[in-house]
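Working notes for the structure below.
Going by the order they are written in, the chains are A, B and C; count residues from 1 in each one.
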Amino acid sequence: MSGEKDLEQLKKEAVAKAKAAAAAKRAAKAAGTAEPRQAAEPKQATEPKQAAEPKQEAKPVELVKADEPVVPPAEAGAPVNDADDLAKKKAAAVAKAKAAAAAKRKAMGEAPAEETPAETAPEADGGADDLAKKKAAAVAKAKAAAAAKRKAMGEAPAEETPAETAPEAGGGADDLAKKKAAAVAKAKAAAAAKRKALGEAPAEETASEATSGGDADDLAKKKAAAVAKAKAAAAAKAKAKAAGAGDAVAIAAGGDDEKEKAIAAAKAKAKAAAAAKAKAAAGGKAGSAATAEATDAKPSANQPYLDKYVKVIEENLGSDVLEDSYINKLSKDVPTLVAKRDTYYKIAQFLKYNELLGFDYLSELHGTDYETYMEVYVHFYSYKNRQSVALKVKIDRGEPRLESLVPLWAGADWPECEAYDLLGIKFTGHPDLRRIFLGEDWVGYPLRKDYQPYDVEV
Amino acid sequence: MIEELLQSSPGWANFGIFFLLGAVLLLIVLGFVTYGILAERKVLGYMQLRHGPNQVGGKWGLLQTVADVLKLLLKEDIIPKAADKPLFIIAPAIAFAPSFMVLATMPFTDKFQFADIGVGLLYYIAVSGLTVFGMVLGGWASNNKYALLGGMRAAAQMISYEIPLVMSVLGVILLTGSLNLNEIVTHQEHGWFILLQPIGFIVFFIASIAELNRTPFDLPESENELVAGYHVEYSGFRWAFFMLAEYVYLFAMSALITVVFLGGWLAPFGFLDFIPGAVWFALKFSVVVFIYIWLRATLPRFRADRLMEFGWKVLLPIALANIFLTALLKSLFF
Amino acid sequence: MIRTEEMILNVGPQHPSTHGVFRLVVKIDGEIITEAKPVIGYLHRGTEKLAEDLQYTQIIPYTDRMDYLSSMTNNYILCHAVETMMGIEVPERADFLRVIAMELNRVASHLVAWGTYILDLGATSPFIYAFRDREMIINMLNELSGARLTFNYMRVGGVKWDAPEGWIEKVRDFVPYMRGQLKGFHDLVSGNEIFLDRVKGIGRYTKEDAINYSLSGPNLRCTGVKWDLRKDEPYSIYNRFEFDVPTSEEGDCLARYHLRLAEIEQSLNILEQAVAQFPGEGPILAKVPKIIKAPKGEAFVRIESPRGEIGCYIASDGKKEPYRLKFRRPSFYNLQILPKLLKGENIANMIAILGAIDIVLGEVDG
C-alpha cells in the first residue's frame, strides 16, 4: 500500500506544480479570460488544501483539482526524486495545455471544453459507486500522460510503471478518488501538451464519454477497457470523436472479464503512445464542438443505470409500462421512472424482486398535489447494487387511489398513512390505513392546494 | 424501665406514659425521615454533580423536607371517582402502621428499647411483611392499570424476597441460639456477624433492598415503566404516608442490619468503649443508609422476570447453602 | 379455574419514558404484550404546509423544531436541498463550520440518547453526566449561533455567523476531554450486569427486517449494514475526513447502545480533523441571489442525521416558496418497526426497546 501512496503523492505534487506553472504561463499569454484564474491558482499551488472554494463555478480543470487537496501533503520517500522530475515535466505539459485551452477559448468565444470536465467533476466527488468509473478514467488518462511524457523525454518506463499501478491499487475507495483526480489532471496536461494547439478537448471528452457510456454494466474493468480503447481511437482519429466513444461503449458492453481490463489497459497504452507520436492533433475546433454536443446529450453518470432499469423493465413487463424516464439533474442525477397509473404496483414489485434491480429499501414515499393531478413520489435504494431510483406516478385528483406498497416494503406503512392523512390518497391493500397525524375526525386534507381549514364557528 | 411498665397493672397513667413514649419515638423517626430524605437528596445531588436542596433553611436546605411535608398536608386530597373509596383511604395506613410497629423491638442501645421480646427478629420480619397488603390494596383500590401492575409487582417481589431474607438470617440465629435482638447484639462482642456470616450478610443486604423497594429493585413504583406504580393515584398526605412508610422502613432496616450484622451499639474494639453506644449505633446506621443511597445513585433497575429468577434461583439457594455451612461449622467448632 | 383477561394499557401520551407526547396502546396479558399500536400526531405542526407559504430562508427555523436534538443536521438538509437544486457551491470555510457544527450536534444528540436510555432503565446518574457534557457542546453552539437548541444557523449557500474568536480552539480542547468522558461512560454503564441483562438480546431484528422496515442510522447499522451517507454518498466535505462506520451484527438494544457511543467517537475523529484543517479565512456565505428561487423541478436529497437518514424533497415551480416541501424524517420511519418488536415482550422490555430506537417526537410528528 505504501508504494501506491507514494504514487499518489507524486501525482499530487505534480499537479500542484503544474497549476502554478499554468497560472504563470497563462498570465503571460492569455489576457482577458485568464485573469480570474490567475488569482486563484497560485494560491492553490502553495496551499493545496484551500483549492476548492475560490473558483467554484468557473474552470473545469480546477474543479477536477479541487478534489485532491483533501490529501495531506506527502512525506518524502525514495520515489519522490523521480516524482520531482515527473512533476516538472507535467508542470510544463499542463502549462501548455492550459495556455492552449485559454487561447482557444478566447478565440472561439465559447468554452465547450469547459463543459466536459465540469460534468465529470461532480462525478468525481460522487459516491463509492462512481469510484470504479473514476478509476477507469484515471487509467486511461494516466496512460495518455505516460505516452506524452515518453515522447517528450524519452524515458518512458519510469513513468509508465506508476501510471500502470495506479489503477491496480484498487484498495481504498478514497485512495482511488485521489488518484483519479491526480491522474485526470495529469492526463489532460499531457494530452494537451502533445496536441499543443487545441488537442485538450478530445482527450477529456473521450474519457468522460467513455465513463458515462461505458458503465452500462457496472464493472469497473469493462470501463477501463472502454476508456482505454476510446482514448486510443480518439487519438488516432480525432475528428470522429463521437464515433470513437460509441465504439468504446460497444466494446465495453462486450467485455466483462476482469483480466480483460489489464489487457485492454496495456493495449491502450501502446496505442496512446503511438498516437501521441503520430501527433494526432487533428481534432480542431470541429472536434471540440462535436465534443460539447456529445457530452450534453449524455451528461450523467447515472444514465447507464437508467438505461439499464428501463431496459430490464421493458424486457420483462412490456414496452408501454413506463410513461417516462429521465435523469433528474436537480436531484443529484437520480434516475427517475414515471410509471403509468395501472402499472405502478407491477413496476414497484419488479423493482424489488428483480435480481438486476433489487431495490430492497424504501427511502421515502410521499404525495404531492399538482392541482390537476396528484403525484406519488417514491425513492428506492438498493443495498445490493448501491443505487437509487425514484419512481413517480400520476393519479387522478378527483378520486386519488393507488395500490399500497406495504406488501412489498413494510416501511411504506406510515408514509402511506401520512399521504392519506394529509392528501387524501387512498392506498388500496394497506393493512391499517388511518389518519395518522390529524385523527379520523379531521375535515379536509391540509396539503391539498385548495384546502380551507374547517371551523365549526364559521 | 419499660420492662416494669409492661408488667405494671393497666390504667390511665400507664396509657399516658406509653402514648407519650410512642409519640416521642414517632417524632424521632419523623425527624430521621425528614433528614433522611434530605440526606438522600443531598448525597444523590453530589453524586450527580448537582447541589440538591439549597434554598429553604440555609445553604444545606435544612428545612426543605419540612416545607415539602407542609405542602403535602395542604394539598387537595384527590380520590378518583372510580376508586374503591374505603380501601383507597385505608391502604396508606395499612402500609405505614407496620413500618412503625417494627421499631418497637429495635434495641438502639442497651437501654433504649421499647419491647425486649424473645422473638424480636421474627416479629420484625413478620410485621414488616404486612406492608405489602397496603401496597396491593392501594394499587387495586386506585382502579388504575399502572397502579394495579405496581401493586402486583410489589406483592410478587415482597413475598419472593422475604424468603431469602429470612433464610439468610437463619445463620445468625443458629450461631446465637436466640431470636432476641439484644442477645444477638451481645453475642457479637468478639466478632460481628458480618465477619462470621459474610454470605448471609450479602444475601440479607440484597434481599433487604428488594424489601425496601429501592433501586435496583424499585419495580413496584418504577417511574419509567409504571409511572409511579401502586401510588400513582395518590396525592397529598395519603401519598406522603406511602413515602413515610418507605423511609421508616429504610430506618428500620438499617437499624436491623446494624443490630444483626454490625454489632449494634457495641464499639468495634474494646478500647473504644468510652464512646457511648448510641454514637456507635448512629455511626453504623448512617453507613448503612449511605450505602443504600449510594446504590440508588449507581444502578439501573432489574426487570420483573429477572428479579424473580434472581430471588428464587440465586439468592435462595445461596441462603440455604449458608445455613448448611453454618450448621456444619457450628457442630464442628462451637 | 382462574380466568385471565387481557388488559389494554395506554402508555402515554404523557409518560416518563416515551420521550415526548407519544402514545402506545398495548394489550397486555399479565405483563406480556400481545399487541402494541403506536399512536402519533400529538406534536404535528404542519411544517410542510406552513413551508408552502414561506421563503426558503424562512423555513430554516421550522427545521430546527423537527429533530430538536439535532437541529444542525436539519438546517443542513434544507439548505443542501436548495443548494443542490440551484447548483450553489458552498465556500470551504462555511463547509467546515457546517461540518463542525453538525458533528458537535451529533455528539450532543447521542449523549442525550445515551443518558435518557440509561435513565429509562432506571439509573439516574449517567443521565446527568451525559447532560453535563452535552451542556458544554450546547454552550459552544450557542456561541456560534446564538441559540442553545434551535440554532437556525445555516443559510442557503453557507452559514449565518462566523466562528467567534477562540471558538475553534474550544472545539479542539473538547475532543480529548470527550474521549476521556466516553471511557468513563463505558466504565460506568457498559459492563453493568443489570444493564446487560436489560438490553442484551432484547429487541432483536434481522438485517432483512431492518431494510424492509426502512430503518436507518444506528438502527440499521446494528444489524451489520455498513451504511452511512457521510461515507457512502458523501456530501459537504465529509470525503476529506477519515472515519469509520461502526456496525454490529447483533441487532439488539445493546448493539444500538454501543453504536451510539462508537459514533460519538467517530464524530470526535471528524471534529479533530476538521479543526486541524480549518481554513484560516474565507467567506462563509456563497454569492447567492437575494431572493432564493429554486429552479423549476424537483429534488430529493438525503444526509445522515444522528437518528438516521434525513431527507428533503422539494418540488419547485420556480417561485421563491417551495411548491411542495417534504422531509423524510428518520424517527418517523424508525418507529414503524416498534409493534413488531414489542409483540411478546414484557413492559420493562417495552421501555428498553423504545428507548433504543431513539426517537424524537418532534421529528416523528413533523
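In the analysis below, a residue touches a chain if its C-beta (ideal position, glycine included) is under 8 Å from a C-beta of that chain, and two chains touch if they have at least 3 such contacts.
Chain by chain, the UniProt names read as follows: A = NADH-quinone oxidoreductase subunit C; B = NADH-quinone oxidoreductase subunit H; C = NADH-quinone oxidoreductase subunit D.
This is a predicted model, so every value here is computed, not measured.
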Taking each chain's C-alpha mean as its centre, the one farthest from chain C: B
Per-chain Cα centre nearest the global Cα centre, belonging to chain: C
Chain A and chain C: spacing of chain centres that average the CA atoms, whole Å: 30
Separation of mean Cα positions, chain C and chain B [Å, integer]: 44
Distance from chain B to chain A - Cα centre to Cα centre, in angstrom: 73
Chain A contact footprint on chain C (complex, rising order): 40-41, 44, 46, 48-49, 84-85, 89, 91-93, 209, 211-215, 225, 227, 231-234, 239-240, 242, 277, 279, 282-283, 286, 295, 297-302, 309, 311, 313, 315, 323-324, 326, 328, 332-333, 335-337, 365-366
Residues of chain A touching chain C in the complex: 49-50, 52-53, 56-57, 70, 125-128, 174, 177, 328-332, 334, 360-364, 366, 368-369, 377, 379, 383, 386, 390, 409-415, 418, 422, 436-439, 446-447, 451
Of chain B, residues touching chain C in the complex: 44, 47-50, 145-146, 149, 215-216, 218-219, 222-227, 296-306
In the complex with chain B, residue positions of chain C that touch it: 7, 9-10, 15-17, 31, 118-125, 128-129, 132, 189, 192, 194-195, 197-198, 346-351
